[in-house]
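Have a look at these structures, which come just after this line.
Consider the two complexes below, in which chain A is the common component and chain B and chain C are the respective partners.
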Partner chain A sequence: MKCRYACGSVEHVIGRRAFLGSLAGVTGLGTVGFFTQPAVAQAMKRQQKHLLVIYLAGGLSQLESWDPKPGTDTGGPFRAIKTSVPGVHICELLPYTAKQMHRMALVRSLNTRNVDHGMGRYQMTHGRNRGGLNVPHLGALTARLLHPKEHPLPGFIRVGERGNIKEAGYLGPEYASLGLPDGKLPPVAQRPKGLTVQDDLRRHDFLRRVNDHFLARRRTAETEAYTHSFEQALQLMEQQEAFRIEQEPQKLREQYGDHPFGRHCLLARRLIERGVTYVQVTHTNYDTHHENFNFHLEQLGEFDRTFATLLEDLASRGLLEHVLVVVMSEFGRTPRINERFGRDHWGKSWSIALAGCGIQHGAVIGKTNKNGTEVVEREVDHGHLFHTYLRALGIDSSGTVEVNGREMPIADPAREPIEELLA
Partner chain B sequence: MIPPAVDPKAFRQEKAWSYSAPFVECRFDPQGRFVFASAQDFTIQRWELSSGKQVALRGHESWVRAMGFDPGGEWFITGGYDGQLIWWPAQDPQPQPHRKFQAHDGWIRALAINPDGKLLATVGNDLVVKLWELATGKLLAELTGHESHIYNVAFHPGGQDLATCDLKGVIKHWSVPQQKLLRELKAQPLHKYDTTFRAHIGGARAMRFDPQGKFLACGGITEVSNAFAGVGKPAVVLLEWSSGKQHLVYKAQKRGVVWGLVFHPQQFWLAVSGGAGGWAFFFRGKQAAPFHTQKLPASARGLDLHPNQVQVAICDYARQMRIYTLAPKNSQT
Partner chain C sequence: MFDTSVKKERVLPCPPGGEAIADPKLPKAELYLVVGSAKVRPVPRYSRREQLAQVVAQGTNPFLKRNVANRLWALMMGRGLVHPLDFYHSDNPPSHPELLELLGDYLVQTRYDLREFLRQLALSRTYQRSSTPGPQFPKELLEPSRFAVAALRPLSPEQLAWSMMEATGTTTVARQRVRQQLLSDPRLRDIVSLDSKRQRLLEEMVQQRLVAAWGRNTQVFAQHYAGPSGESQDQFFATALQALFLNNGSVIRSWLTPRMGNLMDRLLQKKDPDQLAEEMYLSVLTRFPTPEERQAVAQYLQGRDQDRQKAIGEMVWALLASVEFRFNH
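Coming up: the complex of A and B.
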């Protein structure tokens, strides 16, 4: 599904994010003609809520994290440990996170019926299977529905990876992500040395007048996106402070960890605190076909303390009430341990973790069998999760949006929220 | 003693015992009566070679890759990924833990016993090398300095020196009497930081001195092109102990990781690999390529040489404890 411009033509345009340097040469579509349903519009007026996704790329093993099965044929070498929620145990690789469990919830009964990285990534961030409608990424959708129009920072930022303009889907490039692969602003959003603020603003004002003159006669999706890119870059130049994690106390920076993931999570908190609606931090990599246990030791050793610090930090600042935190992957890993001490791709029975924004504290949804090969209670999939995220953010997930005269359900109509997860 | 007749090219399976879980590591006892093999179900299985009688040793709460014996073969000592050390009466009809305690914070990955049987050295994920009195289990020393998980440990045959190797291929040479670091060596070919997956891969998965103490051999994986898929070659890095220099890298043109390594007194090294099927490689002298290679039925997990120097134990992923022979065909062991 493509979004049309008011003129009625379908145009390929240069996206503003592409201009910002996060992704080159990608095409997208404009956004005029997008109207929300009253329920959705109402949701937008409520207190702003945020979504912070920690994306563990490659496929975190549920057995080495949220759903350990020690002592079984699939359990592997690690033990389960107690958490701050009586009766809830997680893998011993997460000792710091275990102390935050009273702020978290687990879904242990995911069956996404998929073992492909690309499809899994799509499912978990779009709430549907790929194919057919060009539906937007969760980040684009929440940016469209929740992010204040005049906010100087973008609504959808990816930290630790590039932006992807295509993920805005039918919403158009305005809602695509700004990618910060190294956690820093792209050079194009930084004022060149030797150029004074005054000169830059004069230059920009001149550009704006030329653009206005041109747009008055020939308004196209291309020109609009192009103009918007300059405006966004100018706004970002004035928001440099948001990206300066060195302003944080040394002790806190140490707690987050002196590694990219630690710095990226700290940056994510600063961005959320300054009003960015959706931030996605990627931690890579968990695609452990070989030596799953050594690599999970290595990766989760880095993840655990940082993630626990992030939750503690958000909670202590009172942000967790308004920020939904989700730890997800594209799928889980096979219960069967292969000949390389590895685990392969697995979508049949795996887990995610959530916290904040009204998610039930300490809740554990669903159950797998003794050795984790089947879901035996409350099976859900990515569609249910998508509804749940939206509901937690105060959005009626059964609502629709109108795109070019067509009513588009914002989430899969065949699914519904996991009510028992919502407070 | 007349050395037994052996022929690596006659290497063949003699017998095998099945189990219900994949194996992790194996050892013959010094008297050559039993073979012990740890499994993914946290147990250790013991078979009597002559009768095939099998008993289970239960006591660990995780996998066991660290195992060894006092020189007399009275005590079987194991270290688990549960961080626990256990002393087992090796010859008992049904061995039970005689001494058991938490020795490391996190996995114990390897242990070694010095030639006179008085000292036990253990290493693991807490980055600490620990020296214990074997007879009592008393902690004698803690040696620190490694900066990544310590994968292996071996006493020099002279008994005064200890070598430890970590994930990054850093080998530390410790003086046992002085309990201090003497120097640092590097098994560089066995380590890589995979920039795509942002993770380290490497370490000595097997480590042995030759009986004269001239060489330290470290087995693992080299030339890794994809750490998370295990795309790399099985290799043994041979370091000249006196100079600390890399002498040679034995390398096989197969995929996988060397999980077991022994020196045969008839001057060849035997290494076994797993990860892409199982292979046995025989290396000798200054020839980097194996002089004999043999496909194994499954990915190998552990290897040991029987005191008779003819039988070889290989436990594998396919839940088989296999006994091989090096005896020339048409000869008797």
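Coming up: the complex of A and C.
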């Protein structure tokens, strides 16, 4: 269903959940140890780090989330509530998330100087402004730097979105994402009836021999990518299990929420648990030019419980020490409330949230003024954040990556990490 | 950044490389030569696009003619002199600037005769080079921008689809059926039998019907193999999903089902493995198999008498999925 209220951007084309459905069945959460599964936690002893990005498409309002300004001309109707970190308050639309604040950190002083959806999406996931250099998406970059080469699962998966073949930039499409728009492996990943594994492997052996004949004479980056894609496909078919959230306990599935975002977050955890390096889950409909408050009540109602469940689940499995979780949008929303009770695009003073590995838990970086119209302390932008994510994952963000014999800086050399945010 | 406090100066329309041309001020009633309606295309008295068309035809703008030349070059050679095609700016200079200038000028000289331009490219030594470098070939000349070895050019999604249909004999069978259907009309049969020109017209009709009936298969391929819409499709990429589509998709499977006269049907009738290998390689890769390949085919068929059809289907699939089939070489 197309949303009639918003500005007509692509962020709105995807259907939204009914409001009542999202609030139905809210029950207690946060019982320590509820999710504890020591066996799985043991399996996570490895050193591999992961990045889980929750992308709130359209532009989450910082005022209805991480940087509330109640009682001011820009504050809107909602209150601020206490969190599990003394002195840190967030919007009352996030009661479950508030209880997870001791695992999280906030950056409240983002100025990205942009109000365009496409540019914002690019900035926040590439760490630079769109320009001449074809730099890779954060997912492609981390897949290249952190994902074990022979891992049967892809390094970069988007849940709730299609993959984008251009996003790997100069790293090449090999590092582009596998997109799972409806949170499932596409039907084409299943062998049809009548094609047994044995038959299939046998013909692939024959295929390799046929290829060897050609490759002995001419071998290029393109031919390598082509033959590699078949090996990837074979491996992926062995990994159907990783994508089956039906195998999760019913109770846990309820906690995550019986809606696409809930299922997608649960899938994300499953994939990360099985070694995928970067997972991006999209939650839509934050582009609230009209009815900002109703929309945030609705959307965050769905987001809040799922997100809190996700952090609790990751923590109880011992995964949170290995996973950096980032909640981001392309920009924030105007402090000024427009005549349609909406807020418009705003890049001048907004916030993001982080959780998990490599960061100071409970930290709040930067400050905006009384009614949120300006950053007054520790202004940062997407470039600083990009460095910070990489460092939190144990990567030297001032380093380079080799592309066709050239050393390319992995993050904007004109920026540096937010040191006080790092653990 | 949208800063509404700064009033922008009004910018006049300006053809590439030329002077700004102010739109003439016409009274509203005279704006159109033909006033448009739901079924009538409007014709304006003054058109900016027409101004642009004149600039293009004059050939005085160096960037425009070179850009057109570069794109046509890339179409033939698999890579632009300026590459990627959409990065035409001073930080991305052409690999052979003199050549590009020459090509741009030639385009204007021939009044943008694209057919003639492409013909010249096809006759060039660059185009006719082999894609196989040979054992002693200097490594630095393998660099794609040197054009010393012909590039391996991936088939476009549409080319890939039609090539697979042709290789599997799918279109051969369909073509015959369509031709028979058309000729079942006695009037058409009489007309066609008149002369060779009308014979060719029949073949065109057959082709049209074939494209109409089978063209939708190209869409499935485009979904998997095409780049994002609106972007120049000049970057090759291979994904696991493409491979899964070939591996498990129903389209390819249906083409590997024996039907009267198609490749699988023909191969099933070849009892001698050597003849089978020949027919298969000629049909799919348009070349004879090497002695080793003949042996590999015979080996593959060994002990597969019970499921011979399956074994042959597996081999044909492998040839369709091969690097050799995927790239124009």
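We take it that the second predicted complex is superposed on the first by the 370 of 423 C-alpha atoms of A that agree within 3 Å, B and C clash if a C-alpha of one lies under 4 Å from a C-alpha of the other, contacts with A are read in each partner's own complex, and residues count from 1 in each chain.
Definition applied: contacts are C-beta pairs under 8 Å (C-beta built on N, C-alpha and C of every residue); 3 or more make two chains touch, one makes a residue touch a chain.
Computed from a predicted model, the values in this text were never measured in an experiment.
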item	value
First (chain B), second (chain C), both or neither touched by A:Arg340	first
Partner chain in contact with A:Ser229 - chain B first, chain C second, else both or neither	second
First, second, both or neither for A:Val159, with chain B first and chain C second	neither
Chain B versus chain C as contact partner of A:Arg79, first or second or both or neither	first
Which of chain B and chain C A:Asn285 touches, first, second, both or neither	first
Partner chain in contact with A:Asn114 - chain B first, chain C second, else both or neither	second
Partner chain(s) touched by A:Leu180 [first = chain B, second = chain C, both, neither]	neither
Partner chain in contact with A:Gly71 - chain B first, chain C second, else both or neither	first
Chain touching more of chain A, residue-wise (chain B, chain C)	C
Contact residues of chain A, present in both the chain B and the chain C interface	none
Complex contact set, residues of chain C against chain A	1-2, 87, 89, 91, 131-133, 149, 152, 154, 227-228, 231, 235-245, 247-250, 253, 290, 292-293, 296, 300, 310, 314-315, 317-319, 321-324, 326-327, 329
Residue ranges of chain A touching chain C (in the complex, touch as defined)	113-115, 132, 154, 163-166, 172-174, 176, 178, 186, 188-192, 195, 199-200, 202-204, 206-207, 209-211, 213-215, 217-218, 220, 222-223, 225-230, 232-233, 236-237
Interface residues, chain A side, partner chain B - complex	58, 70-71, 73, 76-79, 284-285, 287-291, 294-295, 297-299, 337, 339-340, 342
In the complex with chain A, residue positions of chain B that touch it	21-22, 40-42, 61-63, 81-82, 107, 125, 149, 196-201, 227-230, 257, 274-277, 298-299, 317
